[in-house]
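What follows is a pair of complexes built around chain A, which joins chain B in one and chain C in the other.
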Partner chain A sequence: MEMSSILFYLLAAATLFFGFRTITVANPIFSALNLALTMITLAGIFFMLDAYFIAGVQLAVYAGAVMVLFVMVLMLFDLSGEARAFSRGMMSGILKVGGVSLFGIIVIATIMGSFSNILVIDSGEAAAGQALVQPTTRDLAVVLFSRYLLAFELLGLLLLVVAVGVVAVSRIKGGTHARD
Partner chain B sequence: MGTDILEISINFAKMVAIFLLMVQLVPLLVWVERRGSALIQNRLGPNRVGPLGLTQLLADAVKFLTKEEFVPAKSHRFLFYLAPIVALLPAAVAFNAIPLSHPIEVEAFEWLGHTWGPYTFLFQGYEIGIGIVFVLGVSSLAAYALLLAGWASDNKYSLIGALRASAQMISYELALGLSIVGILLVFNTFSFSEMVSQQVGPLSFMFFGQEVSIPFLPNWGIFFQPLGAILLLAAVFAETNRLPFDLPEAEAELVAGYHTEYGGIKMNMFYIGEYGHMLVASALMVTFYFGGYHIPFITPDQINEFFSGRGHGATQASLLTALVLHLSFFAKIAVFLWVFVWVRWTLPRFRYDQLMDLGWKTMLPWALANTIITAILVLMMRSSWS
Partner chain C sequence: MPGIEHYLILSALLFGLGMVGVMVRKNVIVILMSIELMLNAVNLSFVAFSHFNADVKGQVMVFFVMTVAAAEAGVGLALAVAVYKKFKELNIRFFEQLRG
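Moving on, here comes the complex of A and B:
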């Protein structure tokens, strides 16, 4: 086996392991930390695919900023009550059954799809996508600002809406940033 | 990594050497910090152990290593031990990605009955095309060390320190990221090596499509992005958690903040992490705004020719050139490290609301304005106007 494929299997195993731990650990802080590790190993996989920019952004934005915020907020609260509420009771039972059945649907669809070519992308389109996405950041930017410009701008608008909404909600509900 | 066993092993050794370089610089910096603070506060500082008090560092190291191993009874043991290690890693990984000198060209040579080479060894741990994005990504992980330390200690002071630290780091990461967009636009690249190679020779730029050259100034980034340089310097102060931004460990309010419960070598590892971040920050400032490892007005080729003219072989001349340029890089870094020490013992600590106001209401708008104006100017200056 080549060096790169050994590295890939190691990273993939680590990603799966940390992802699994994220949903099985009872303590929310450990869960969030496992999710951060999942992000970091995922960034490693992006590195191996020569998608350096995505890997760097994955580290800086998800592992570095978003998960730090999550962990910070979790540390602010005493979560033993929540841990109990989500480990037994009717609501959590329904959620568990729902989660397992959704996962089952995904697994079945993947198996069916691999037999019947439903999920396989048209090979011509896949080749076109490969030709467009080059490892350099310059090409990524060109594709982002030409072919996918509308989607990109709409995503930006969505984020703006969320930001404005958060400010509005925090001002209505009182607290340190209340209007009066 | 390399094509044969010799190149691979040298590249590995290089990474370890750069990590050790970082760790070994810490005691020296601690000495500079203590003597420097004494100089600023008009006292003597540690001067009894060895010449100028230099072997104080050795005594301190022995003290740290032989101290009692202490873990709070109600702490999370695993995270408590993990936090100091996490504090050390990001700085080391980031420092390895910064070019410390000119690449060394090694000609083909005979050794152990085998012809080796020719090789080109970069004077850095590893070259990554996206350079700065990688360094930002990795150093943003440093917040976890403080969070883990604060939470695992199960101590109110530690936790408040950790929460302050993470809020501060997230806030200033934004200003940090935006302050360097301007210089990225000017250099038109993410890669450190390309940035450094663009800063050779006298100051020259495009002025409305015409090339202008100013022979008495070096071609450094600071002349293109003075505001960006100031913003970056302020933001890295916040990221390294040093005065005036040391609210995570404000001793008058929080005992020692996130590392209240740590002692001995574990606390020392937090220090190594902090000084490592200072090194990375200084190296970034030098690479972006002060010409990297280049000596003003002298190109690496001229140095190489100088050494070849003295009867050195091509490999030897390349090695000597790299060493000279490495010294130039460290001379520049030393200036910024001294600025870190100087500022720490001169300015008082911010109040928390002042800190957040500075980050969000002052630095962020200025960095945004800098980005937009730079983008417009770069576009205007580089297009042809005839």
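Moving on, here comes the complex of A and C:
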């Protein structure tokens, strides 16, 4: 087996293991730490796919900022009464069975789809593997700041609106920083 | 050399884990984390398609998804903190009893 396959299977196994731990560990703090590890192994997979900028953003924004946000918020709560972490009951059981079977269908559909040639546009070229010229971070920047410039600016606007909204939520009556 | 189907299967498995997490867990914060897991799975399939088609547009999309996900986490956590401050409760079952 070649190097890249070994690396892929290692990273994939680690990602799935940490993802599984995220949803099964009862203590939310450990969930958050396992989620951070999932993000880091996913960044490794993005590196393998030559998406260096995306991998860097994944590490900085997800494994950095978003996880710090989660852990900070968890510290505000009293989590000593977290004995029953999982939902129970008939309806919930039906939902769980449905979710797992839907999940199986997605996996089976992906495996079936991988035998047809719909996944890559030019399968002849893609079969040659490295024959395709991979886009660099420079190409990403050129596309982002020309064709998708309006969307990029709208994202900035969205972040501004969210920042103002979050401050407003904390300042309302009964919020964490209420004025009264 | 792993092909695109390997990445897509990994992405589907990760998405399934996130979906099961949303349905099975009761803590609002863990549900938000499971949503992040699903968003990451979708990002992985975007990057895989981008790589195997040598098209940079997939990565632009991932960039947008990440920004919106960060915004969503911020608002979700702010609401969770506001609800906890008022009711001292983080259980998702409690939220169905809210009236006005």
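Going forward, the second predicted complex is superposed on the first by the 119 of 180 C-alpha atoms of A that agree within 3 Å, B and C clash if a C-alpha of one lies under 4 Å from a C-alpha of the other, contacts with A are read in each partner's own complex, and residues count from 1 in each chain.
Basically, contacts are C-beta pairs under 8 Å (C-beta built on N, C-alpha and C of every residue); 3 or more make two chains touch, one makes a residue touch a chain.
Being a predicted model, the structure only gives us computed values, none of them experimental.
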item	value
Partner chain in contact with A:G56 - chain B first, chain C second, else both or neither	first
First (chain B), second (chain C), both or neither touched by A:A14	neither
Most chain A residues touched (candidates chain B, chain C)	C
Touching partner for A:I40 - first (chain B), second (chain C), both, neither	first
Partner chain(s) touched by A:L76 [first = chain B, second = chain C, both, neither]	both
Chain B versus chain C as contact partner of A:A65, first or second or both or neither	both
On chain A, the residue positions that both chain B and chain C contact, one per complex	53, 57-58, 65, 69, 76, 135
Interface residues, chain A side, partner chain B - complex	29, 33, 36, 40, 43, 52-53, 55-60, 63-65, 68-69, 71-72, 75-76, 135-137
Of all residues in chain C, those that touch chain A in their complex	1-21, 23-27, 29-30, 32-34, 36-37, 40, 43-44, 47-57, 59-60, 62-64, 66-71, 73-75, 77-82, 84-86, 88, 90, 92-93
Touching residues on chain B, where the partner in the complex is chain A	128-130, 133-134, 136-138, 140-141, 143-144, 147-148, 150-151, 159, 162-163, 166-167, 169-170, 173, 177, 190
List of chain A residues in touch with chain C within their complex	2, 4-5, 8-9, 12, 15-16, 19-20, 22-23, 28, 31-32, 35, 38-39, 42, 45-46, 49-51, 53-54, 57-58, 61-62, 65-66, 69-70, 73-74, 76-79, 82, 84-87, 92, 95-96, 99-100, 102-104, 106-107, 110-111, 113-114, 119-122, 126, 129, 132-135, 139-140, 143-144, 148, 151, 155, 158-159, 162-163, 165-166, 169-170, 172, 174-176
